[in-house]
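Quick one: the structure is below, and I'll ask about it shortly.
Note that the chains are named A, B and C in the order they appear, and that numbering of residues resets to 1 at the start of each chain.
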Amino acid sequence: MSLFQITVSELAERFGLVCHGDGSHVVDGVGTLAGAGPSQLSFLSNSKYASQLASTRAGVVVMREENVAESPVLALVARDPYVAYAKIAALFERLPASPQGIHPTAVVAPTARVAPTASIGPGCVIEDGAVVEDGAILGPHCIVGPECTVGAQCRLVARVTLVIRVTLGQRVLVHPGAVIGSDGFGLAFDRDHWIKLPQLGGVRIGDDCEIGANTTIDRGALDDTVLEEDVRLDNQIQIAHNVYIGAHTALAGCAAVAGSAKIGRYCMIGGNAGVLGHLELADRVTITAKSLVTHSIREPGEYSSGVPLQENRLWRRNAARFKHLDEYVRRLSALEKDSNNE
Amino acid sequence: MSLFQITVSELAERFGLVCHGDGSHVVDGVGTLAGAGPSQLSFLSNSKYASQLASTRAGVVVMREENVAESPVLALVARDPYVAYAKIAALFERLPASPQGIHPTAVVAPTARVAPTASIGPGCVIEDGAVVEDGAILGPHCIVGPECTVGAQCRLVARVTLVIRVTLGQRVLVHPGAVIGSDGFGLAFDRDHWIKLPQLGGVRIGDDCEIGANTTIDRGALDDTVLEEDVRLDNQIQIAHNVYIGAHTALAGCAAVAGSAKIGRYCMIGGNAGVLGHLELADRVTITAKSLVTHSIREPGEYSSGVPLQENRLWRRNAARFKHLDEYVRRLSALEKDSNNE
Amino acid sequence: MSLFQITVSELAERFGLVCHGDGSHVVDGVGTLAGAGPSQLSFLSNSKYASQLASTRAGVVVMREENVAESPVLALVARDPYVAYAKIAALFERLPASPQGIHPTAVVAPTARVAPTASIGPGCVIEDGAVVEDGAILGPHCIVGPECTVGAQCRLVARVTLVIRVTLGQRVLVHPGAVIGSDGFGLAFDRDHWIKLPQLGGVRIGDDCEIGANTTIDRGALDDTVLEEDVRLDNQIQIAHNVYIGAHTALAGCAAVAGSAKIGRYCMIGGNAGVLGHLELADRVTITAKSLVTHSIREPGEYSSGVPLQENRLWRRNAARFKHLDEYVRRLSALEKDSNNE
């Protein structure tokens, strides 16, 4: 598969790992403990998979010191095997070639500025006043709207739309179908119909952010919608206008954040979780999957809502009771009162 | 920023507002109470922000009569400051230029009909029998499929797909990534595999509707999927086949409506709320965020489902109890019976 | 409308149905019981609609034996009228013409291989090493990335993106905006920032699958993400990396499956339902709409979570009580103990 080869010793040196065994062994790829062959490297991070170590055919396994004794194969010891593996695996990734320059089918406005080292793919449209900086790669069919900036070394994989007044920092990675800078959902109700509020702000995305496939990030009504650096958004996430997300926060697939909410740094928002508008979340808040945040959160920690999955027949009975929970509690209190009076 | 300038007196006259102070003051933009400068207009609608009025540097603020006395700056009095602000702010919006005519990279079928005053952007594809009416603007990469009509003054911002048999009324605004007229999810189970039901209907969208980024609206199986006029859909909404949505209803981001549901006029459906198939909702029904509508609603009002967010440690205990709620209620009833028998 | 005409006798013969009445009657389309006219065929499957039979103007109705006596019109008797109708209706579907060959505005890499019988629409981009097999139809603006294969007779309606290492079997139908093969959301936390795990696997989609509009299916981290044959995904579904979905399973709109979950065959996942990562679902499991699957399911059956919708005023009271449910149960147990001790 991969044309890249490296010895285990070189890996140890490059990433500060300790090698137990023959460091001259050559690897040319990575794989799972169950699937890797003798020329491939694997890793053991989650102790749940420790039993797979005994039978692995991998050439070398990145692991913690404590697992070395049981390893039947060459071991590379890391404090955090998952992080070490991530760095090593990146060596074996082959990205499609992206030739510098502008594809002949792309349409670039005369007032746009594209760095000569950037790669603009087939069918891209770069509009008035847009800027694409050094080494940025735009795959097929990307649209960079008016007054948008794509920072150095960004990669817009394919079919990304930056609508208007969007600024991407450096090394931002955006996946296909993402729409950044679309109109915020701002409406005023005028007696019997809706009036649209013009969305005059923009979007600012910090360095090293990642934006998932078909994710949408609306531009601000007056001020900007902001993602600080290293924010990681999975697929199909919805970020409404004037949301502010602190650095290093990650949102899992299908999460949604309503208008003007402010999320702290190092937060983790689970899949399909929601945050209502205008709320504030402190740093290091974790929200579990499908929970709805209905009030601001001042303390770090893990928060949840929802009820557990059950067989439908049982669930129906419990759910029906929920509709009268307040009444039951009143009846309980009445009984307690009776009991105390006896 | 903006090149448009106007005096406060002219604004008062144009929008029927009362000016308190020097009407000859000129404004050239809008901003928040906290951010606007002396040449900008701001507004005070939500009394929550009244404290910001004292320190605003805005040139003029749109407000209610009751706030004029405390205003340190020029005041424009409106019955509904938010509506008045929306109308004023629209004056300062600068939309990208959209030259009339068909971009040379667009592909237009010979049987399609495009009004000479329409603007067809780079890479657009207009298919057989499609119609684009007067003054409609199609940004880059829009696809107008067979038998689709884009009404006068519509704006398809970019990368909008109208699949087949879709009719947009006048002034419909559609954001990037929206897919309208895709196959409804109609399947019949034939012993051991699925058979697809052809989706032979279309989609009809009324005047002044707005369709958010990456929203999907499927076409009907036999009859059409219908949105009446002034329906407002935020991003990533899913409207299944044969849904019918009444005029002036608004759905927030990530809401979903299952097949053949009928939603009334002036409804408000919260973010990530869901409506099951074949249900009917009366006019003026509000559904709060993330609620699931499992039965038809005959009366206007606000409806909800879900449980509150809590610290995970506490939530776990309560959620575990939910699985036996029916049993607890039976035990409560038994105690009450005992108590009454004593 | 349709140019296709057929007699009722021919339909009976072709699909093994029994005709009650004049088989020489000609039909040229299909419609609902309420809407079909004398030249159209309709069906009665759900007994809920049986009352509409008396007043139908349809030329012929597909129904069960038991309904023939009450039918005022020609009847075609089927064991499963819905399945029979699905097969008949397909005869009347007119798909847009898709000329064989490559549209002049498409961009095809020299190392890509496109079958001469395939149809490649305007603006398509076929990248290095991609393969498009016999009779496949790619509508406008599809992107087939490096090392992707589109099987024979597939149809990519429009604006479909296959990112990298995606293999579609035969007759796969993919709707606009779908993104298949994007990066899985794999991150390792390195002290104070995120490191991305390269996503080195691919996606394999079996024969006869259907993928809805704006649905996303990520490629695997090491192994592939897999959909077996005849899997049916509605719109806006999110399938994370290394998910495995068994044959004939259907997911309704906005459902989401987290990384490495394994779903059995013949499962039904309701709208906006979620499955957490690394879980396993047995064959023939049904999950109702908006439920969250938080543990593996070993037995076939129907499973649910959530609480019922109520008027907001009532719901608030019950929801507030949920926060103390554990305490109430403890108080109930204490009362029971007291009661037993008396």
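Just so we're on the same page, a residue touches a chain if its C-beta (ideal position, glycine included) is under 8 Å from a C-beta of that chain, and two chains touch if they have at least 3 such contacts.
The shown structure was predicted, so the numbers you read here are calculated from the model rather than taken from an experiment.
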item: Fraction-based call for chain C against chain B, same above half, different below; value: different
item: Inter-copy rotation, chain A to chain B, in degrees (Cα atoms; steps of 5); value: 120
item: Chain B and chain C: spacing of chain centres that average the CA atoms, whole Å; value: 26
item: Junction residues of chain B, two or more chains touched; value: 105, 123, 141, 159, 177, 214, 236, 254, 272, 306-308, 310, 320, 322, 324-325, 328, 332, 335, 339
item: Chain B-facing residues of chain C, complex; value: 30-32, 35, 80, 82-83, 85-87, 89-90, 92-93, 96-97, 103, 105, 121-123, 139-141, 157-159, 173, 175-177, 208, 210, 212-214, 230, 232, 234-236, 248, 250, 252-254, 271-272, 289-290, 306-313, 315-316, 319-320, 322-326, 328-329, 332, 335-336, 339
item: Residue ranges of chain C touching chain A (in the complex, touch as defined); value: 105, 107, 123, 125, 127-128, 141, 143, 145-146, 159, 161, 163-164, 177, 179, 182-183, 185-190, 192-198, 200, 214, 216, 218, 222-223, 236, 238, 240, 254, 256, 258, 272, 274, 276, 286-288, 291-295, 301-308, 310, 314, 317-318, 320-322, 324-325, 328, 331-332, 335, 338-339
